[in-house]
Each structure stands twice: as structure tokens, then as C-alpha cells.
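Several structures are given next for inspection.
Both of the next two complexes hold chain A, though its partner changes from chain B to chain C.
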Partner chain A sequence: MSLAAFPFLAFFLALGAALVVVLDAVARAALAGAPAGPYLAGTFRHAAMRLSGQLVTTEAPDRANWRLAPAWYGALAAAGLAVVPFGEGMALIQLPTSIVLWGAVEALVVVVVFLHGWSPNAPFPLIGAYRYVATGLPVMLPSMFVLIGAALPARSLDVLAIVESQREMWNVVRQPLGLPLFLIVGLSLTLRGPMDYADSADLAGGSSAEDSGPARAMWQAARLAMLVAFSAMAATVFLGGYLGPLLPGPLWLALKTALVLELMVAATHLLPRMPVSRMVTFLWVVLLPVSFLHLLAAGLVAL
Partner chain B sequence: MAVGGTPVFVAAGGGVLGAVEALRLEPALTLVATPRAAQVLVVAGEQRPSDRIALARIHAQLFEPRATVWWRADRPSGFDFGTGAPESVSDAAAFISAQATQSEGEAILLDDGPPNPWEGVGPYGQGGNGMMGGTPYGRPMAMTTDDLRDGLALDAYSATFGPYLTQWPPGLIMETTLQGDVIQSVRIVEAPLAQDLLAATPHLELARLLRLLELPALADRLVRAALADPARAAAGLARAVRWTGLLAAIPSALARDESGGDVRSRTAGRLDALSAGRPADPAAPGDLAAMLIGLEWHEAALVLASFSIDELRGAIASPAVRMAKGAA
Partner chain C sequence: MTDALFTGLSALALYAGWRVFRVDSMVRASFWLMISFIAVGGIGLLLSAPYIGVATVFMMAVEMTVMVLFMVMFMMNPAGLNPMMMVHQHRFSIGVGVVAFAGMTAATLLTDLPSNPVAAGKAIVHDLGIELLGDSMLIFETAGVTLLATMVAAVILSARTGRFGDAVEGSVPPGLEPGGTPAGRVPEKSGGHHHGHGGHDHGSHGDGRSDHAHHHEGDGHDSGGHDHAGDKEKHA
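Up next is the complex of A and B:
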């Protein structure tokens, strides 16, 4: 695919982010027992105000990293989406090992979120950063097992081959534990709900507690972009990506991405967040063995 | 992620917490957790004279043009800016939202300078004996000390938190030393301020806990039910809250009170009270400062939210100068 794909990817990210804003407002209003209209109208007004707002700084921050962290985060989302195929042979970056590139994106998110929390030189962001690293590592390990499991039936590390391997049966059926495990990874990558250890309520917003004006808007936008990129990858690896009858491939991928976004938004608003040590214990003691069994089962099925 | 109307930071004082929760439901406003994200500062309720400096700091963190609204609040001396809002919640919400665009800006009260003189060694405070750098602006280099939990020595960091943290009971001030996010020592400087009757309903007590567990939408639903009729049994609502699995998310045996209950059992008790339409059973925290030592920041916040504000006030003789230190 040529460079003409860049505007298309940007459009896909923007459309997905707008959908998340709507879904979030609807879910929140439904649970709160309030009409969704005012929530929604306010969100867009809110975003416009943020962009024109003033940047307030802290004492002696690491300014370069503070400003760059949202840009890195957004760039990682774009890089992740670039390996997602929108049709046969239609991925911006075609690599024989493209699923490994996605794995690198996941690992670098931990670095970027840490930088974002460390650079303002303030206690709440720093605590958020520490906590995110503590949960980030044990989240990456199940992610690795899940992605390797998905690569086994394809006998390839190419995302394109993983999609093609699902022509007979989607991975969500063949490997039923894969998608739920991967969704937990996604909640962590996008700092949402039960896995929001960096930007949490008990830290008054954690790593973004000191963000103001356009920098705050940028960080929130980058979170949304990463959510869209993650959901497109989840739809590709577990729901057959662009495969489907009648409709064109990109449309199928968009529909399946929207489905994953809905699952993510529901999990955000319905599940509580455990304290860190309880979550870390859960990740190492329960989730890691489960993901290993998942990989074992996936391997036996693929034989 | 914030949704809704004009972003507002509420610096809540005494006797106003239930009213602030009602303000949260107004679609014209979004209550945010940090003044950095706010367009308007709302100072609500009775203000302690000793909190003047903290209030001035919050005000200084707003972006320009700063806008302050006083709601059901008495102004401390020196704070002669901002406008007073109408008493009623819906009128106040419309008034506050309008201030976002009408303010012509307010000057800050504090000096925009370092808190202490520069006493560092070397151009960036990295010189001197053993590269310790002196004490730049009154802050010596953070040093490692023994850790309470796993023996991993981390830099100890001391700071005063409160009185306007929105995730804590209003008015509570604690001097805390942290390593990572683990609390190493606590000194309670000021007890929380007494609040209105609405804030003591099981609905609002559970709502404060749910926000700490990242369930703000359900918390709003509880506030809505309390505003409709706090005495009505709400078994369906209690069930909906239970179904999120929040009791399983809370660690067991966290912060045992004097009758042996923990955060989980106190929360379960509140849910029972909610479904029966009665007040929650009382609990006595005992030595609150000692209870918080060794906990993670999030756990400590859950512990504070698991007691009613009156119970916390009862446990702290204010102005308490209770010192509790962990085993070194």
C-alpha cells in the first residue's frame, strides 16, 4: 500500500475515537440513570475549550519528555494500526514478523506512560507512573502468549497470515480464552477502568494530574487513538479481520473494530479496579498460568 | 475520562459535601479532580482559616483568565475576588457555567517564586560533597531508607496531602512519607470537616468508594437515588453494585476496625443498609494513622472511604498531632 494510506489511517483513528466518545457517554449516562445528550454535547465543547486553554507548568519539570509523551503515545497507536491489514495485502507496513512489531508497540507504551508520569516532577503523576510499570510487565507476558497462540495456526508471525488462517474458523472460536485475555491487555494499554493504574481516580488523575490545556487534550486523544488501534488489532487477530461475505474488507474490519470497542467501553464502566498489589498477585498467580495453558491448548489444536 | 459540561474544581469545606455531590449531577458542569483541568474554581462550604494558603495555591494553579465562584461559602480574609453563586443547586450550576466565559481574570495571592532560598551546590544542585548538591530551594536529595514491605530500599518522599483532595474527605490533612506508593509514616494534621446529613447516607458513602474503584457512573446513580429519597430501600441498586464484583476487588482483612470488621465487611454492611433503607452500622477506626502505615496509596484511600466522615472525625482529636511511625 502506498503513502496514500496515511490519510485513510488517520480517518480510521479519528472515526474510531469519535465512536468511543459517543459509546462512553451513552454507557455512562445509562449506568448513571441520566440522559446521554448533555454528556455528549458537553464532551465536544469541552475538547474545543481544552485546545484553546493555557498550558500551566510545574516547578522544574522535564519539559521535553512531558510534551513528547502524548506524541509518542499517538505515534505508537499509529504504528500499531499500520500493521493491521484492511484487505488482502492491504496493510501499510507489510512485514513477515508484523505481530512482533505490535508486541514492541505494547512494550513501548509502558515506557511512554512512565515518561508522562515522571516528567511533571509531581507526586501523583510519579506514583501513577510507578504503579503502571508494576502492572505493565505482568500484563505484557500474557499478551505475548496470546499473540504467539494466534500465530500458531497460521504458522507465521505475519498478521496477514493470521487473518488468512481464520478463513475456516475465527480464532475467537478456536482459542476461546484468547480474546478475553487480550482485552485485559487492551484495558491496560489504554489506561481504562479496571486496568487504569496510571491515570486513576485515587491519584486525582495520576500521570495526567498536572496536564492542562492542549497537553491534556493531546494525552486523552492519544489514549483514544491507542484504543482504536488496539481494537482493530483484536478484531484482526481474533475476529477474522477483513474477512466476511458481501461487504468490502475494510468495512468488515471497521464493524468488527466497533464491536471490540463496545466490549472495551462496557468493561471500563462495569468492572472495579483492584488495588495494585492485589492486581499484581492476580496477574502473576492466575492470569499468567491461564495464558500459558491457553498457549498449550492452542499449540495442541494447531498440531 | 471526563464527560459533560464546564470543567469545575470544587474546593469543598464543611457542611457541603452532599450538596457538592448534587452539583456533580448537573449536566452544565463536570467536576474534575485537579485544578489544572478546571475552567472555574468553586469554593464551597465553611472554610477553615488555617486552609487559606492551601486555597490560594489551588487558585494559583488555575489557567488564565482565572474564575472563582463562592458557593455557600464564607470568604477568608484577603480573598476579595470572584463572585457569589445562588444557593440552589440548579441555579448555582447555571451561574458557575456562565462564569467560565465571563471572568476577566484574577491575580494570584502568592508569590510566583521558589518556596525557599536557593542553597544548592553547583549550577543544577548536583555538586558538593558526594554530589549531594546542598539543599536546592529547601529540598535535599531524596535518600533511600528501609522499606516496610519487602525490604527493597527506595527513595523516601515526604509531602503534605489535603485539605482539598477530591478523593479524600474534605478538610483532612496528612503529612505522609511514601516509598513508591507505599505509606511509610503518617501524621494527621487536621481531621475532616463535619458535613451535611446527605453526605452521611449509605448512598453517598458508597458513591465515594465506587469512584475510588473507577466506577463513577454507578456512583452517580447512587447520588441520584439519595437525592430522590435517601430513606427508601434500594435493593435493586445494591444488587447492581454487588454485581460489579467490587467486594472481590477489595483485599480481605484490609484495615481491621475495633470490632474486627475490615473494608470489605464495612462495604458489605453499607450495601445491606442501602437495600434495607436504613443507616449503616457504626464502626470505630481506632488508631487511624497506625492503620494506614504499610498500605498502598489506593488501599489507604479505600480505608478512608470505608468509614463515615463522623467516624473519622471521632477517631482524630482535632487538631491532632498524632505521630505514628512504622518500624524502621
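Up next is the complex of A and C:
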């Protein structure tokens, strides 16, 4: 693929983000038993308020990192999506180790969210940043195990080969624990729902508590972009990516991405949220052994 | 194209490496170092090392995050946004730097470097895996277990219920200027009552500690409390 891929990837991210905005409003309305219209209008009103709002600053912040954090986050989302193949041999970044590149994107998200919370030089964002590292780093381990597990049947670290290995059977069938574990990783990557520890309401906004005006809108937009990139990756690794009959590959990938987005939005609004200390214990004591067993099972099946 | 990328990435690696020693915060220094390593990882990709190049990026991202947290924890510098001197032993380090730079430059220029480009169809990642789990297995497993032991030790040292008693005991933030009063909240005068309880946890200072606690709060502390003791005398 060539330079023409860039506007296409941007369009894909924007379309996915718009879908999430709608889904979020619908989910909130359904839980409240109210029509979705006002919720959706509220989202747009909120965005317009942010975009036209004033940029307020704190005392002695690390201005460069604070302003750049949404850009880093968005860039990571774009880099993650660039690894995803939209058809046979149609990935912007083609590497024999492209799944490891996605892992690098995940690891750098932890850095970016930490910097975003650290740079305003204020208590709530900093607590959010520390919380995120405490939960985000242990989530990296299940993520690596899940991705290695998905690479086993393909006998390759290339995402293209991982998709091709699912021609007979999707990974979601032969590795049933993989997708649920990976969805938890995605919730952590996008600071959503039960893994919402960086930007949570109990910290008055956490790492974005001091963000104001367009900066805050940009951060939210970057979170949505990362959610879309993650969902495309999950659809690729577990739901066969672009594979499918009749329809062209990119459309299949878009449909499967939309399905994962719906799962993610449902998880955001339906799953309970634990206190951060209990979640850290859960991640180390339950999730890590489970993901290890998952890797063992995936290895035995692949043999 | 490759030459331009190599030049750009090398320049970024050098610039970021230089920034590591010029910034005044551990957090900034660590993440500049990470950027330097990411640039080196990119050079690895150019050198047909797709696994090592990309793995460098994610290893360094995780490693630098952990390093930042542990440094901030052990240095007791809240958040690392307080400006601080990041370099020491100036003359010695300048000397070492000059010698190391001259040595490595000489080694690079004087060595007759081979030129054998990797064949297009070579299974690089496969061969690397065979090497890591074959001849080099002992080296890598030894390094891995050593690193694991280091991490466990670091966690034990930084745990609240550490070897030397509760972590809250005797931890005083550094002064805003050398020898100044500790940053943050000043401990209350009635703190002696609290310390009396602390004496039960580790009895090395005996019962006399709680008697003196009201007058010389710092005396009863472990090594962490020495600055504090000096401040108390000034106040008195």
C-alpha cells in the first residue's frame, strides 16, 4: 500500500470513533430507560463546549509533554492500525514481526498515559497516572501471552500470517479464552469501564482532571481512536480479520471491528469496577495464571 | 532512503542521549533515554533485525516506566517534577566520556567491518529463535533468572512492609533547597505518640525511644531520618 493508505486509515478511525459515540449514548440511554436522542445530543454539546472552551493551565507543568500527550496517543492508535491488514498483503506496515510492533504500541500507551497524568504537576492527574501504571503494566503480561498464543498456529509473528492461519477456523474458536482476555487488555488501553483507573470520576477526571478546552477534547478523541485501532486488531487476531465470503476484505474487517466495538462498549457499561488495589491483586493472582494456562492450551492445540 | 533514515535515526538517538544528561528530572531523563533506544530500535530494523529492533521498543517502554516509578519511589522526590541535579562527579565523568568516545570511535574506524547483506528470503526470526534456545540458551536463561531475582528484590525493598519496618516510618521528603526544611507537610508536634507505637514493630532502639521522641524526634529514626534531625536542632 502507498500514501493513499493514510487518508483511508484516518477515515477508518473517524468512522469507528463516530460509531462508538453513538453506541455509548445508546448504552447510557438503555441503562437509564430513556430515549437515546438527548444523550447523543449531550455528547455533541459537550464536545462543542470543550472545543470552544478556554485552555487553563496549572503551576509549573511540563508543558511539552502535556500538550503532546493526546498527539502521542493518537499517533500510537494510527501506528497500531497501520499493522492491521485490510486484505491479502494489504497492511501499511509489513514486518515479519508486526504483532510485536503492536505489543510495542501497547507498552508505549502506558508511557503516554503516565506522561499525560504526570505533566500537569497536579495531585489528581498524578494519582491517576500512578494508578494506570500499577494496573497497565500487569495487563501487559496477559496481552503478550494472548498475542503469542495467537501467533502459535500461524508459526509466525506476522499479522498477515496470523490472519491466513484462520482460513479453516478462527482463533476465537480454537483459543476460547483469548478474546475475553484481550478485551480486558483493550479496556485498559483505552481507559474504559472496569479498567478506567487513569481518567476515572472518583479522581475528578484523574489524569485529565486539569485538562481543559480543546486539549481535553483531543485526549478523548485519541482514546476513541485507540479503541478503534484495538478493535480492528482484536478482529484481526481472533475473528479472522478480512477473511469472509462474498464481500470484499476491508468491508469484512470493518464489520468485525464494529462487532468488537459493540462488545467493548457493552463491557464498559455493564461490567462492575473494582477498587484499584483489588484489581491489581486480581490481575496478578487470577488473570496472569489464567493467561498462562491459555498459552499452554493454545500451544498444545497448535502442536 | 535507507541512508537518510539511518542518518535521521542516529541523529535522534544522539540528541535524545544528550538530553538525558541535560534535563533536570528523572522522569524526563528516563523517557529521553527511551526515545534514544527507540531510535536505535529503528536502526535495528534497517539492519534487517526485525525482532530485535521492534522488541527493543517495547522492552524499553516497559523498562523505562518501571525505572521512573522506582526512581521516584526511592529518591522520595514527589513526581519527579521538582528540578534536581542529575549529574555528579563532573571531572571524572567527563574524562570517562572522552576516553570511551575516543576508544569506540577508534574501534569503529580501525576495524575492517564486513559487508554481507542478509539474503532476501532468509528466515531471520526463525534463526534467532533457534540461536536463543540452542547454543546461547545458558547465557540468556542465566541473564533472565538474574533479572527476575533483581525485580523480586526491588519489589521487596520497596514494599510498605519492608525488611526495615514499615515504610512510612522515618521517611522524610528532601528539602526544597540543600539543608532546608523538608518539602510537603511538616510532621505534627504530637507525632511522638505515633512513634511510640512504631517501637513495637522493631525494637532495635528499645523503649527509651518513645521517651525521647517528644524532644528529639529525629534521633529515633533509621538512616532516613538524619536530615530531619538536623532541621529539628535548627528549630530548637
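Here, the second predicted complex is superposed on the first by the 303 of 303 C-alpha atoms of A that agree within 3 Å, B and C clash if a C-alpha of one lies under 4 Å from a C-alpha of the other, contacts with A are read in each partner's own complex, and residues count from 1 in each chain.
Going forward, contacts are C-beta pairs under 8 Å (C-beta built on N, C-alpha and C of every residue); 3 or more make two chains touch, one makes a residue touch a chain.
What you see is a predicted model, and the numbers here were worked out from it, not measured in a lab.
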Partner chain in contact with A:Met274 - chain B first, chain C second, else both or neither: first
Chain B versus chain C as contact partner of A:Asn121, first or second or both or neither: second
Comparing the two partners chain B and chain C, which touches a greater set of residues in chain A: B
Chain B versus chain C as contact partner of A:Leu101, first or second or both or neither: second
Partner chain in contact with A:Tyr39 - chain B first, chain C second, else both or neither: first
Partner chain in contact with A:Asp202 - chain B first, chain C second, else both or neither: first
Contacts of A:Val26 with chain B and chain C, given as first, second, both or neither: neither
Contact residues common to both interfaces of chain A (with chain B and with chain C): 130
Chain C residues touching chain A - in the complex, by the definition given at the top: 25, 27-28, 31, 34, 45, 50-51, 54-55, 57-58, 61-62, 64-66, 68-69, 79-81, 124-125
Of chain A, residues touching chain B in the complex: 21, 24-25, 27-35, 38-40, 42-43, 45-46, 49, 53-56, 59, 123, 127, 130-131, 193-194, 196, 200-205, 209-213, 216, 220, 223, 268-278
Complex interface listing, chain A residues touching chain C: 60, 62, 95-97, 100-101, 103-104, 106-108, 110-111, 114-115, 118, 121, 126, 130, 133, 137, 140, 157
Residue ranges of chain B in contact with chain A within the complex: 1-7, 25, 27-28, 30, 32-34, 36-37, 39, 61-64, 100, 114, 157, 159, 165-167, 178, 180-181, 210-218, 220-221, 224, 244-246, 249-251, 296-299, 301-302
